[in-house]
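Structures for review follow.
Two complexes follow with chain A in common, the first pairing it with chain B and the second with chain C.
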Partner chain A sequence: MSCRIIKTLILKDLKLFFRDKFFGLMSIVTIAMFIVFYFILPRAVNEKVEIGYYAPYTPGLLDVEIEEEGIVIRNVETEDELKHSVISRDFHIGISIPGDIHEALMSGEEPELFIYYSSEVPDEVKELYTILVNEMINEFSGLKMELTHHEIVLGPDMGGKQVPHRDRLLPVMAFMLLIMETMGLANLITSELGEGRVQALLTTPMNVTDLFVGKGVTGVLLAFTQTILLMMVTGGMEQNTALIVVTLLLGSIMLTGLSFYIASISRDMMSVIAWSTLMIIVLTIPVFSIMIPGLSSGWERLIPSYYVVNTLHATVNYNVGWGGNLNNILALIGLNSAFILIGIISLRRKIA
Partner chain B sequence: MSIRRIFILLAKEFKYGSRSYFFIFAVAAPLGLTLMVNLLFGSFFSGKPKIGLYDQGDSRIVESLSGMDNIDLRKYSSEDELKGAVERGAHGVGIVLQEDFDSRIKNNDPLGLKVYIWGECLLKDRVVIGAAVLHQIRSISGKNAPVKIVPVTLGAENAASWKDRLVPLIVLMAIFISGFAVPATSLVDEKEKRTIGAVLTTPATQYDIFISKGLMGIIVSVLMGVMILILNQAFNVQLGLVIIILFLGAIMACCIGLSVGAFMNSMASTYSLIKGMGIVLYGPGMVNVFPQIPKWVGKLFPTYYVINPLMEISRKGGSWETVKLDVLTLSGIIILFIVLTGIIAGRTRQQEA
Partner chain C sequence: MADEAIGVMNASYSYGDVEAVRGITFNVDEGEIFGFLGPNGAGKSTTIKMLTGQLRPREGEIKVLGLDIMGQRGKVQSQIGICFERTNLYEQMSAYENLKLFSDLYGVRDFDADELLLRVDLKDRGKDKVSTYSKGMKQRLMVARSLVNESRILFLDEPTEGLDPKSADRIRNVILEERDNGVTVFLTTHDMMEADKLSDRVAFINNGEIAAIDTPHNLKQKYGKRIMKVQIMKDGGDLEVREIIMDGSNAADDIYALFKDERIVTIHSEEASLEDIFIQVTGRGLSG
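Presenting the complex of A and B:
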């Protein structure tokens, strides 16, 4: 194995990759799009029900502003202000307590109490909020139920400190970038094989090991640098930096092995796209367990990409360090060995 | 230019082009997305709080909660099952009802509830689930404050569900993947295989080739658009108007596709461009997904004038009067695109010559 030859090969491959201006440009555009998308998404999860109320004729009903777990109640000065705040979504709900509520209650009538919703609130949510307000009124009216809760929180209690959607999506975006580069590298190898350039290179002092190391390093460089850039710009590497770098590196190696395999079974660019699309669909399944945690039922652990996305998610969003991710890292190392081995064997057969 | 030759070439397009990856992708991708969106947003992303319930007895609460349309309830046959489901986030809250729950309510005995809460359950979901359960307990106990609550909706428009927000994106993809990618890749494929040169040695002209490929894109695009609208229950009485707009959208897509195909020389570059142009073509659909983005941003994309009238008609019951400005703008854009494509086709002919 010659370092000089490998270096030359890497430089040649990188030059070839970026010679196709579209592949080069698209790689930059894709990262830029992911970064813009990240910053467009809300930076926090609003998980409280904010209620405004207007009750000028019932002093003492709610004199203080309440801010409890899950509910924020604020007083407003006028009915118009209440309506305006609901429309502008400062409040989820606006409660207007009528002036004749005392008289109505005293005379045994059923007084009407108005609840304002923005038209942007879905119907099913409106009904639930109406039930919520009803319960609050029952509580204020002294009609408390003799109910004792025995609450058990399963998993870390994220109430009040939920992971924003954009941070939840960050490991997903990083993984998607890795996958995209798989297709690029597989296409590069396939076109070289198709045009006989690999065979020509093998007539030089370069041997097969140099070829695989060179291609492998190119693949890892292309995928790894882009994901690192994404994580750095979005602030995803502020904690557990070393662990994130190692995970992304292992992910890049895994997908480089996969791109070797795809290149070995593809004839041209279109078959690279077809096989890559199939692989992408399978590898993307664990991503859904991060986006929609309820979907997870354990079987996604059988898909190798699970160990990349799960480690990134735990590290970036829950600050889980090396100890908590050791099993994932070990699994990744084992899987990487298998991916690279299968990729090299199948590609070597094709070259032969 | 000959009509007969165009149709011969079109038949050839359908015979050989329909086997290409992009043709299959153009048909499969929107159908797959529709299926996924319906599966995901029909249940998983519905925004309804999710409750798991294990009833040790035979409480009426279970039936009452099942009858509520605004919560997503699932019953379990053991506490361990319920706990496992809550632990992995299938439900925000899991409730265990004790054996004599209803009789305790009726006898005013102290009630005890064991509640499992998933750590990532939103605080507001915890609150509203609690209120919903209490509401059902009260309906058995009869302890209710004598107040009538009148809900009043303020503002003009109704909120769109996640599914409704995504439909424009899928419809745009259906129209533009077929209308844009199919003619573009077909043209480039012929250039790569040098079959285009062979065809040009016959009486067929460059215009015949462009029109036949464009027609194929338009036909597939309109068919896919109609199919996706039907599958998403977005096809209403304004059938004729919807088809006209789909047709105009398909023309715009195929003009862009043909222009791209004329400039590109390799499938790799074309594929990269198709990926990259996604943001431009599907921009209005993406703007629609995120209400935080100002609506005027969508108007900057030419495809806005395809999707906005379609959605106005299918979702808001719009008519010609409500969409005519968009349709006229779209027609103007299409005339511009047709002229540009014609010029490009003419120049390509000169280059081939």
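Presenting the complex of A and C:
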């Protein structure tokens, strides 16, 4: 193995990568777009539950904002205004309170209330709001049952510091960048193989080991530096920096192995894109468990990308350190070995 | 006697069940241009791949510059230059960058790309992307690339195929210049005229076997017929062409009779071409 040859190969590949109109431009545009996208998204999660009500005979009845508990209750002038506010999502729910509610409650009758929800509120949430409204009415009527509550949060208390969408998306964006570079490297290798340039390189003092090391380092460099740049610009590396660097490095190595494999089964740019798309569909499944936590059912652990995305998510968004991510890191190291080995064996067969 | 640059002993290669090269044996002396001739599919490119360490022979032994090609491939490859049949340049890079890349891979110090580009008439276009080049320009650059490491042996696989006369001539001149500098040239081609003009010795390969090997002159002597074509005018003014085989036992008498009895218009001597000899030796033409 020759360092001089590997360095020459890496410089050549980087030059060619950025001269490729499609992948070179896509890399720059994608990272710029992700950074802009990140900063456009809100930096905090609105944790307030805003409730509107219409009570024609008791205006200003409950016009209060209970900051500590994150509930805001506001009065509106007309029932139509209440409905429009719910539709336009100014309120999570709207309650229309009849004028005779007080008398009805005092006389033991069952007053009728109307609760307006927007169309996408799920049934479970509707039930919760119904309980909340009952509680409010009970308090209003003096029928509230006096109980002492003890609130115990299991795990880190995220009250008041929910993960904003943009930070939830950050590991996803980093992973998407890694995938972009996988396609670029696979395309570079495929075109070199298809047009006989690898053959020319291998008749110089360069050997197959130099070739694989050169391509591997190029792939890791491209993927790793771009994801690091994204994380640095967006502030994603402010905590657990070393762990994030290691995770991104392992992710880059894994996807470099994958790009070797894609190159070994592709003939041209179109087949690289086709195979990569298939891989992307599978590899992005764990991403959804971060974006929509309720979807997680455990089986996404079978997909290797889970360990990259999950580690990044836990580290960046929940400040989980080495101890909490040890299993993920060990899994990544094992998976990396497998990916690189499979990639090299299949590509070597194609070169031979 | 010149040292041996290439020695091939009973080398064979198969692609699956298809035998591409069958037990070929030959040697190439240092400083000679060795033409390796045969039609498409005869085994020329497979032989070149074995000689340059791209393919491992299934059987036999190949020594290049006295070294076993498979055992010491790296050492051999640092001393040889290859011009492939298929253009495999980096098209998004300039000619200068292509040459610089390969000189860096070979570890050439004080590399002068301009001088090489000048030799192949590409100096003015050296900074342009190769994708903007014509086929002839690309091929000239391929030849220049094979020269970056000042190799001791040049392997040229069909270097002038399909080129315009100017590009082909430029490449032929480079080949002759390299030979004059003491470089051994292993040239595969199916252009017999070119092989005849350039080669010190030629080998005919057909169906993976060497059918004949010698200097073009000796091959013509051995297999060819020298013919004298005489155009005579008959009494009615009609023209007639007669052929006299120069190597025949009655050649002198036949020529004397012609001069004595006939009105001779033109006389031409003809010798067999390498293509004629190839057909005679292998029973097939070069185009097939």
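In this section, the second predicted complex is superposed on the first by the 255 of 352 C-alpha atoms of A that agree within 3 Å, B and C clash if a C-alpha of one lies under 4 Å from a C-alpha of the other, contacts with A are read in each partner's own complex, and residues count from 1 in each chain.
The definition used in the following text is that a residue touches a chain if its C-beta (ideal position, glycine included) is under 8 Å from a C-beta of that chain, and two chains touch if they have at least 3 such contacts.
In this text the structure is predicted, and so the values were computed from the model without any measurement.
A.B. asks: Taking the superposition on A as described, I'd like to know which of chain B and chain C A:N319 touches: first, second, both or neither.
C.D. replies: neither
A.B. asks: Looking at A:Y117 after the superposition, I want to know if it touches chain B, chain C, both of them or none. Which is it: first, second, both, neither?
C.D. replies: first
A.B. asks: Contacts for A:T241 in the overlay, against chain B (first) and chain C (second): which applies, first, second, both or neither?
C.D. replies: Once the two structures are laid over each other on A, A:T241 reaches no partner at all.
A.B. asks: Figure out whether A:K12 sits in contact with chain B (first) or chain C (second), or with both, or with neither.
C.D. replies: After superposition on chain A, A:K12 lies in contact with chain C alone.
A.B. asks: Just to be sure I read the superposition right, which of the two partners does A:S337 touch: chain B = first, chain C = second, or both, or neither?
C.D. replies: A:S337 sits against neither chain B nor chain C.
A.B. asks: Spot which of chain B and chain C makes contact with more residues of chain A, would you?
C.D. replies: Comparing touch counts on chain A for chain B and chain C gives B.
A.B. asks: Taking the superposition as given, does A:N327 touch the first partner, chain B, the second, chain C, both, or neither?
C.D. replies: In the superposition, A:N327 touches no partner, neither chain B nor chain C.
A.B. asks: Taking the superposition on A as described, I'd like to know which of chain B and chain C A:L202 touches: first, second, both or neither.
C.D. replies: The second partner, chain C, only.
A.B. asks: Mind working out whether A:T78 is in touch with chain B, chain C, both or neither, as first, second, both or neither?
C.D. replies: So A:T78 meets neither chain B nor chain C here.
A.B. asks: Where on chain A do the contacts with chain B and the contacts with chain C coincide?
C.D. replies: After superposing on chain A, chain A residues 20 contact both chain B and chain C.
A.B. asks: Where on chain C is chain A touching in the complex?
C.D. replies: 52-54, 74, 77-78, 80, 82, 84, 86, 88-90, 92-93, 97, 101-102, 104-107, 145, 149
A.B. asks: Taking the complex as given, what residues does chain A use to touch chain C?
C.D. replies: Listed in rising order, the residues are 4-5, 8-9, 12, 15-16, 19-20, 195-197, 199-207.
A.B. asks: Please output the residues of chain B touching chain A within their complex, sorted ascending.
C.D. replies: My answer: residues 20-21, 25, 40, 44-50, 68-71, 83, 86-91, 108-128, 131-132, 134-135, 137-138, 141, 143-159, 161, 266-269, 271-273, 275-276, 279, 290-293.
A.B. asks: Give every residue of chain A touching chain B within the complex, in rising order.
C.D. replies: So the residues of chain A in touch with chain B come to 20-23, 25-26, 29-30, 33, 40-42, 45, 47-49, 69-71, 83, 86-87, 94, 105, 108-122, 124-138, 140-141, 143, 145-160, 162-163, 187, 191, 268-270, 273-274, 277, 292-298.
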